[in-house]
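Chain nomenclature is as follows: A, B, C and D, assigned in order of appearance, with residue numbering initiated at 1 for each chain independently.
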Amino acid sequence: MRDVQNQLDHRNIEIDKVGIRGLKYPIVVRDRRHGTQHTVATVNMYVSLPQEFKGTHMSRFIEILNEYRGDITLGSISGILESMKQRFRAQSAHLEMGFPYFVEKEAPVTRAPSLMEYGCCFLGSHRDNVDLRVGVEVPVTTLCPCSKEISRWGAHNQRGRVKVMVRFRHFFWIEDLIRLVESSASSEVYALLKRADERYVTEQAYQRPMFVEDVVREVALKLMADPNFTWFSVEVENFESIHNHNAYAFIERAMAEGPPSGHGGAPGGG
Amino acid sequence: MRDVQNQLDHRNIEIDKVGIRGLKYPIVVRDRRHGTQHTVATVNMYVSLPQEFKGTHMSRFIEILNEYRGDITLGSISGILESMKQRFRAQSAHLEMGFPYFVEKEAPVTRAPSLMEYGCCFLGSHRDNVDLRVGVEVPVTTLCPCSKEISRWGAHNQRGRVKVMVRFRHFFWIEDLIRLVESSASSEVYALLKRADERYVTEQAYQRPMFVEDVVREVALKLMADPNFTWFSVEVENFESIHNHNAYAFIERAMAEGPPSGHGGAPGGG
Amino acid sequence: MRDVQNQLDHRNIEIDKVGIRGLKYPIVVRDRRHGTQHTVATVNMYVSLPQEFKGTHMSRFIEILNEYRGDITLGSISGILESMKQRFRAQSAHLEMGFPYFVEKEAPVTRAPSLMEYGCCFLGSHRDNVDLRVGVEVPVTTLCPCSKEISRWGAHNQRGRVKVMVRFRHFFWIEDLIRLVESSASSEVYALLKRADERYVTEQAYQRPMFVEDVVREVALKLMADPNFTWFSVEVENFESIHNHNAYAFIERAMAEGPPSGHGGAPGGG
Amino acid sequence: MRDVQNQLDHRNIEIDKVGIRGLKYPIVVRDRRHGTQHTVATVNMYVSLPQEFKGTHMSRFIEILNEYRGDITLGSISGILESMKQRFRAQSAHLEMGFPYFVEKEAPVTRAPSLMEYGCCFLGSHRDNVDLRVGVEVPVTTLCPCSKEISRWGAHNQRGRVKVMVRFRHFFWIEDLIRLVESSASSEVYALLKRADERYVTEQAYQRPMFVEDVVREVALKLMADPNFTWFSVEVENFESIHNHNAYAFIERAMAEGPPSGHGGAPGGG
């Protein structure tokens, strides 16, 4: 059978990224408490395609993934990217994985345990060096400082969602990045709250009113203060309880040149 | 060319519904304030298929829609359903349209005007009689009675979404159904609120604490009290500000046998 | 602290369903090949609320789920529903879980293995008896018989999605329900196909042209022929390659009165 | 009432973007055939916030939008961005609008007319200069060259989606950008096809097999050949009929420095 993909292409245009998108795949990630955690990822894999080739053998992406099956952690991304570059003879390779990650939390007063889900992602690229980014989405409570200030009682509050992406020097736990975010809002969010806990989070949020602007700055300040992070972006979106649209704030900063993520110690948190 | 769809089918199975789904189509609906309103619908159209036919000529759904183009309102649904039954020689026909609908609202104190969007739908079925349902999705604010009661200050509140579906005897305005829902929550929601308005909705919500259970019952009570409605379902979903999951309540009731919607006066609200 | 939820309600309206929605939870389901499979569910839990009570203690849903943690399979749903009825003193209880489920498949010619993901759901209700439904979403290829018939070469084909829900008498494997669907389309779908496999599925689809109407009937015929199933619904949706809207077909049938699902042998497949 | 947003902030961090997100708004865009077209946009509006201010008066975004109501076209974006910079005394302003856009198409043989929907977006930023990007999402048919080559009959094909974003010098019609994309795939897609048309598109697709790699290159070539475009990105995603994941290709190129979009003639196409 003729290999159509390997035919010469005369249009003289390199393709930046070509690959597969939206593949669901079970993975096992590192978990500080239990060692490992089973979850399900949505995976995208791309390589660059030189101008002279007509196409890409898409099945090889799946084959590479299958070879790493059971060992797809943040620590193995560099190896997967290296395999992709070699197998496709590509200048650059990209791997993106998003997955739910569960952390056991205790309610603030009764200590009742429950599981909270956080959306996580690993984004790896490899041209000359491996570049890794880790992302996490953390639900929080925000209580509006303006509403509190101007009203005789109450203050509107709502669920917000903070998305953080970081580049880093060394291993770190996703759990710590989640904590950093959860400590930067009016209150954290729980799956299980008994009445004493509900009272606690209600009163705490009222005493720590924060705009999206406050949350994005608090998270940014803490990320800038940690020398392990060399770059970050933070995005806060509030599902305003008094509007049908959302409030939004965004900060992106590069703190250092340094070696890109993926070098030095095995990066972790997954 | 052979007409494959018209071939005999020997499997002896009638198909309940066959048709098209997810078609985007611009429509004009009735608007109490401005006469008409342009919007964009997502349309599903189905007919039943007798056991003896292999297939359906799907292009006819589009042709029927095109014939009614510019006049696709709630009032024309019966006619469209009739056309579908005739053209397909079908026992039953179904038409579903969902679309955003805008209403101009004034802020509660400053009277600053703005546009609020509500998700609406028209669902029509025709077997022996035409059966019409109208639905609307209304965002509201809910403030937790338990949180208010047990806390020294503040109370968690959040955006909630109320979905109402009704069967009815006579014409009514969607605007009135929206009002019915908006008056049944801790506060209504606005696109534009100046500070005096924000104070007003904050204080009002604090003085009208309501669970999802309260909202679903209030809406149900008002719908039962209106003799125009012969059946309804109400669904309330709160995007809890202290959890990452939602609170939910649902009531469905048939109040009367009466003639199904679509008979009597030209039904309206769109 | 006052128990607001336990207060008397004077509106005299029973609520059909009240509970939590959209909770993410890690579960372990039964897997024919490996014994068990870890996956992540989206969970809804509801109970009915008598007219005399103002509210529901939502945290109890999470507590019940936590008690069954590590043992949330189709076999344990009856027990969870029973716990819900007792703990809430409710007339009826409802549990809905949707989750991705992976099955290892071999490519049709090269036998290259890969993982396919299928969307599954367990829906349980308990009023007087337990009623269980199992659902599965299966991607398939469909090739249009009309396009093939009228064209000199080629035929349009596309990815389709078949959703099946069943009520059943005894244990069955989800894997078998998936097979039943995959054998009822123009071709099945794979995560990994080498060139010899791609040729095979291309030619097979061309030789087995099927409308959505054909697929829905084939699946229905097979389900009706299996005495284990007492009720089903089948929904086929084709992401037409020549349109930007979808083709759709739906059949629902009750085959027998029999005992509802959830009685008899431990129901399975998850 | 105290103006909390205007308070001094001591954290010394400028916020890149702060504003509103997900607001639905009815707009009127330019339409080559009918002059204007009513549609519904999803709107995001952001400004930068200097380090010394605590917050943003979010209601001003809505007020600005209301002032331009009825005249929100691509041509008015520069003015809206200018208003945003002034009203917020911001260094930079951003406006994003996504909306469905309808074009009347004729079937290729019978000339039967129907409406096709395309997703469009206008993205405007203003720091020192106005930078405008116009985007369009076009559904197409792609037929796999490898599948055709290796199979004795047939070839797998599917719906694909091409997303193009451009920066430009002068006014252009969205309709022309859509045509450019539709002429770069195996076949274009229609809402209404009679049997003679279905035969035509089936045979045409079979004679013009194209990978995602081919489509992305064809579109790129045509965009590079048009001196009106100074930058573009093209993204092609195929909903593979033989897989449950998608094939993907991406190219981004800057062709010229030139003046950024938004200067020179009133930019158009909407």
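Note that a contact is a pair of C-beta atoms (placed from the backbone, for glycine too) under 8 Å apart; a residue touches a chain by one contact, two chains touch by 3 or more.
Note that the structure is predicted; figures quoted are calculated from it, not measured.
Colleague: What are the mutual neighbours of chain A and chain B in this structure?
Modeller: Correct list: C, D.
Colleague: Could you work out which chain's C-alpha centre is the most distant one from the centre of chain C?
Modeller: With centres defined by C-alpha atoms, farthest from chain C sits D.
Colleague: Cα centroid separation between chain B and chain C, in whole Å?
Modeller: About 26 Å separates the centre of chain B from that of chain C.
Colleague: Can you pull out the residues of chain B that are in contact with at least two other chains?
Modeller: Within chain B, residues 1, 23-24, 117, 146, 150, 191, 193, 195, 199, 244-245 contact more than one other chain.
Colleague: Which residues of chain D touch chain C in their complex?
Modeller: Answer in residue numbers: 116-117, 139, 141, 143-144, 146-147, 150-159, 187, 189-191, 193, 195, 198-199, 201-203, 205-207, 239-245.
Colleague: Which residues of chain B touch chain C once you look at their complex with the stated criterion?
Modeller: 1-2, 4-5, 9, 11, 13-24, 44, 46, 49, 54-56, 58, 145-146, 149-150, 211-214, 216-218, 220-221, 237, 244-252
Colleague: Given the complex with chain C, which residues does chain A contribute to the contact?
Modeller: Going by the criterion above, the answer is residues 1, 3, 23-26, 37-40, 59, 62-63, 66, 69, 100, 102, 112-115, 117, 191-196, 199.
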